[in-house]
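In the two complexes that follow, subunit A is the common piece, with subunit B as its partner first and subunit C second.
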Partner chain A sequence: MRTIVRLENVSKWFGEVVAVNNLTCDLKGGITGFLGPNGAGKTTTLKMINGIIAPNLGRVTVFGEDPWDNMELRKKIGVVFEMGNLYDWMTGEDFVRTMGRLSGLRSEDLDKGVERALKIANLYEAKNRRLKGYSHGMRQKIKISQAIVHDPQILILDEPLGGLDPISRRYISDLIRDWEKEGKDLIMSSHVLHEVEAVAKKIVLLFQGKLLAQGSIEAIRRLIDERPHTIKVKIDKPKEFVKEILEYDFISSVVFLDKDSLIVRTKNPEEFYTVFPQIVANKGFEVEFMGVTDESLEAVFKYLTMRTKRTSM
Partner chain B sequence: MSIESLGYKEWEGQKHGRFYKVLSLVDYEVRHAWSSIWVKILIIIAWLPVLIIFLVPVTEISEEGVDRAFYNLVSFTTSITIWLPIMAGLIGGGLIANDKNNKMFSMYFSRPLRREDYIAGKVGGFAVLMSIPTIVPALIIYIVLIGKSDLSLLVFIKKSWLLGAAWLYFILLIALFGSLVLFLSSVVTDSKYAVVGLFTIVILSDLIANLLWLASDNEIYRLGSLTFNLENILAEFLGIDQSTLQLADQQNGGVGGLVSAWKSLVVIVGITSFMSVLTLLRLLSLEEE
Partner chain C sequence: METGTGSRLKMVNEVSYRLEIFKMTLRSYAKDRKSWILEIFLLFPLFVIFIITRRYADEDYRETAQFLGEEAAKQQALGDIMDLTIYLYMVILAIFVTIVLGTSLLGTEKNDKTIYYILTRPIHRYEIPLQKFPAYLIFSTSLFIVPLTLLHMTMMSVVPGSNAFTGIGLVPKLIFIALLCNAAYGSIFMFIGLILKRPLLVALIIGFAGNLLTSLIFSGSTQAQTTIPYHLEVIGKSFVSSGQIATMETFNTALTSVLTLISLTAFFVALTSMKIQKQDFE
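Moving on, here comes the complex of A and B:
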């Protein structure tokens, strides 16, 4: 498979903070997920791939070219990064149109591009509404619209599923998979394994700016699942839920945080994630939140770091 | 709706060049500023002289009347020393600061948009907005005067240098405040600090220059005051009798010997150039963390 992005001994620092530390990896075509806790260097790496920022050391190439200040290359890339509410006064269509114009689209092509991008993001009906009135999910989708208005070859999504409701999450996950089916490439970041796992086949694991592991989702999952996870659950009948879940021997402990939130510690997250929906469906529980805690992910990464060190000794 | 069902395929059409992108950015900035009620209010205030000229029935205008109308317009714009920095601050304060605060650099620079084009778009947007209460009213007043007076067109052609001088002055004004506010906007993340910074510069320059001048009786210190320099240049551009200002100086306790307007011009152009270079260097090296 062709290499679309190559990072060779790349380092980037901001003042005294080292965001990316001697990172070397190749990204092949298709969907690749950058996984790591907050501060792992995911966003910085994505920005270097896009050529928004330049590495202090090392070399980044995209399709064999240096992306820094490379206007021709940028025409092939669409990005979604975190952004504020500066555009709230605009309508959805106006926003996508403005971004299309900044990408250099001409009038007729611009009209077509805007229409198509809005339809892909399922926002065509809401195109005349101001962004101020958009929900979080709609905002995320309009950001994807502006990123694809100029038909890029690679789509870069920074935490595209973070904080989304299940319907929006599913829609964007489908959109990501459809993108790949079109023969296009996508790089996304997340700090939640299950988000990346749902769409990506290849994962790059980052921790404290360093490459921890790279490979297929199965290989990475095996590595991560060797370590116990702590999962936060907010549910309507917590006592009944605990009674049910403690029946399984892969549960190490359960701790109540408050009257409806609890932390479940499991030796085998894979089994937990299989059993959990079954229990919820069978017993009719209502789940408000379920997700791995940042501390848990941090612990997993620390464990993997130590494991890597031990292996290399 | 999925991508497949829309027959998604890579677009291979032509794309516009850099100038178009700069224009798009200018267009965005103008519309963005226009969405603020305060900008609208300030622009309406700036257009009051035009409305007055429209409303007051003027049937006989002498050549001196044309001079006076122009002087009134330009002095209105500049003598209210609070007004122009507010306008510049309100429009320019957030131009870069808001982008930084809202992490918009990624949105802009992930596209085929050069930093130079971004800067040109920001400057262009500021210039267009600032020309609405300055350059445009000057033109309209001139046209209204032609339409309302009984003077021959030749008189107005002869006096057209007034329009040119007013425009030149406004361009200088826009460039000065633009360079100052854009630099301030590039170093803060909250636009209100840029506005406060601009005010501080204007007021402090005036205060310190006047104190030094009064303490030393040396006219050269007056060159430190932005407002003095602007008024000095305005008088020179519009051919206003300097002795009037000299007399006013003496009545205010000054020594009355005025500093050459060309020295003021050098100071203003120098400050503008220096701040422009600083802003340019700052923006070219600016990175979003």
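Moving on, here comes the complex of A and C:
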């Protein structure tokens, strides 16, 4: 399979903080997920891949070319960053159209591109609304629209599912899978294994700026599943939700953080992620946030780091 | 083979898509509430000027007209308009306007991280300030058109033998001064907005303590020539024959001052382009 991205001994630091440390890996076509807790160097690596920042050491190539200030390469890449605002004064269509124009699209191609991108993100009906009034899920989807308006070959998504409600989460996951079906490539980052696993077959496991593992995720998944997971949920009726979720024996405990937020501990996250949307849909709960807390994943990464050290000794 | 029309069309496309940032910047200013607050801020002194003119200046102008003729009174009023333009609008109010609009030109995009949307498009980084700055210049200068026109009309309407439109030819000159002032300060503040996370304090120091800062290094005519207000005064002086400004001591021609301000602007715009070309956006 062809290599789309190559990172060779890449290091990047900001002041005294080393964000990426001597990272070497090849990313092949299809969907690849960068997995790691916050501060693992995922976003920095993605930024180096699309030329927003340059490595201090090493070399990054995309389709064999240096991405820094590379005009032709940018036409082939679409990017969505987790952080960052939108041009809130624009309408949805205005935003996607402007980004299409900035990508060099004109007249008919631009009209078609904008319509396609808005329809794919299911925002065509909301295209005339100001971005300021968009919900979190809609904002994430419009970011995807602007990234695909010029029909790029590679789509780079930084934490695309972070903090989304289950419906938007599923929608974007489907969108990612459809992207691959079109024969295109996608690189995404996440700190939730299940998010990556749901769409990607290959992963790059990062921790503290270093590469821990690359390739199949099955073995790592098993390790992670052996450990209890903690998931934060912010919901409109927390007490009713707890009553429902405690019916299942894979739930170890539930701790209230405040009046509408709680932490659920489970030994089987896969089952939790299957049951959770069903409960929400059946009972009509409104979920403001659902996501794994960093601590649990970080513990696994620490464990893996130690294991790597032991085997290399 | 590509036809002549096809290649021309491609060239037009190539140029027009690169103007997108220019258009986007103009639209963002127009849609931003802050811009219109600045316009009100520039209009506000006119109320005070209106009252003062009717209470004190008209008497002055009547006396001048009586003893020296209506032409002398007209020239006196034009000198006063230039004084107010330079010493109130340019040296004080324009600094606030240029700080707000100039530092946000790249600073807000950088802090909000909306600059990523531009950085990931097929546009060279150095082109970003080259497109944004003209948009800033057009918008910031347009904010001065109404206040300076009204200033002129308010003052001239009380001069004996004149009306609000007498000597209206001065207004484009006032706007030209505003353009140079906005260009010089704006280019510096755009650069500061790019390199600093919180540029406001540094911008205020440069804007209001520029004279003091340059006096630490230079003295005499050299010190004067290293400040933006001095060059604005020289240019303003060349347009009128009366008023406080007409009596100031100058060390170079108005053309030299115009060229100095243009060079200063070009230097900072180029510096910003060079900086952004190499800058990491964390």
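Assume the second predicted complex is superposed on the first by the 237 of 313 C-alpha atoms of A that agree within 3 Å, B and C clash if a C-alpha of one lies under 4 Å from a C-alpha of the other, contacts with A are read in each partner's own complex, and residues count from 1 in each chain.
Going forward, a residue touches a chain if its C-beta (ideal position, glycine included) is under 8 Å from a C-beta of that chain, and two chains touch if they have at least 3 such contacts.
Values in this document were obtained by computation on a predicted structure and should not be read as measured data.
**Student:** Based on the shared subunit A superposition, would you classify subunit B and subunit C as clashing or fitting together?
**Tutor:** Aligned on subunit A, subunit C clashes with subunit B.
**Student:** Regarding the shared-chain residue A:50, is it in contact with subunit B (first), subunit C (second), both, or neither?
**Tutor:** both
**Student:** Go through the superposed model and pick first if A:14 touches only subunit B, second if only subunit C, both, or neither.
**Tutor:** Both partners, subunit B and subunit C.
**Student:** May I ask you to decide whether A:113 touches subunit B, subunit C, both, or neither, giving the answer as first, second, both or neither?
**Tutor:** Only subunit B is touched by A:113; subunit C is not.
**Student:** A:179 in the overlay: touching subunit B, subunit C, both, or neither? Say first, second, both or neither.
**Tutor:** A:179 sits against subunit B, while subunit C stays out of touch.
**Student:** Contact-wise, after the overlay, does A:98 reach subunit B, subunit C, both or neither (first, second, both, neither)?
**Tutor:** Both subunit B and subunit C are touched by A:98.
**Student:** Examine A:71 and indicate which partner it touches, taking first as subunit B and second as subunit C; both and neither are also allowed.
**Tutor:** After superposing on A, A:71 lies in contact with both subunit B and subunit C.
**Student:** Pick one for A:122: touches subunit B only (first), subunit C only (second), both, or neither.
**Tutor:** In the superposed model, A:122 contacts subunit B only, not subunit C.
**Student:** Any idea whether subunit B or subunit C touches more of subunit A?
**Tutor:** Of subunit B and subunit C, B contacts more residues of subunit A.
**Student:** With both complexes superposed on chain A, which partner does A:84 reach: first (subunit B), second (subunit C), both or neither?
**Tutor:** A:84 sits against subunit B and subunit C alike.
**Student:** In the overlay, one of 1-9, 55-63 or 181-189 from subunit C clashes with subunit B and the rest don't. Which one?
**Tutor:** That would be 181-189, the one stretch with clashes.
**Student:** After overlaying the two complexes on chain A, where does the subunit B footprint on subunit A coincide with the subunit C footprint?
**Tutor:** 14, 47, 50-53, 69, 71-72, 74-75, 77-79, 81, 83-86, 89, 98-99, 101-106, 146
**Student:** Applying the document's contact rule, which stretches of subunit A touch subunit B when the two form their complex?
**Tutor:** Counting only subunit A, the residues touching subunit B are 14, 19, 47, 50-53, 69, 71-72, 74-75, 77-79, 81-86, 89, 98-99, 101-106, 109, 112-113, 116, 119-120, 122, 146, 150-151, 153, 156, 174-175, 178-179, 181-182.
**Student:** For subunit C, which residues count as touching subunit A in their complex?
**Tutor:** Going by the criterion above, the answer is residues 13, 16-17, 20-21, 24, 27-28, 31-32, 112-114, 116-125, 277, 280-282.
**Student:** Within their complex, state which residues of subunit A touch subunit C.
**Tutor:** 14, 47, 50-54, 69, 71-72, 74-75, 77-79, 81, 83-87, 89, 98-99, 101-106, 146
**Student:** In the complex formed with subunit A, which residues of subunit B make contact?
**Tutor:** 1-4, 6, 8-11, 13-17, 20-21, 24-25, 27-28, 32, 35, 98-99, 101-114, 287-289
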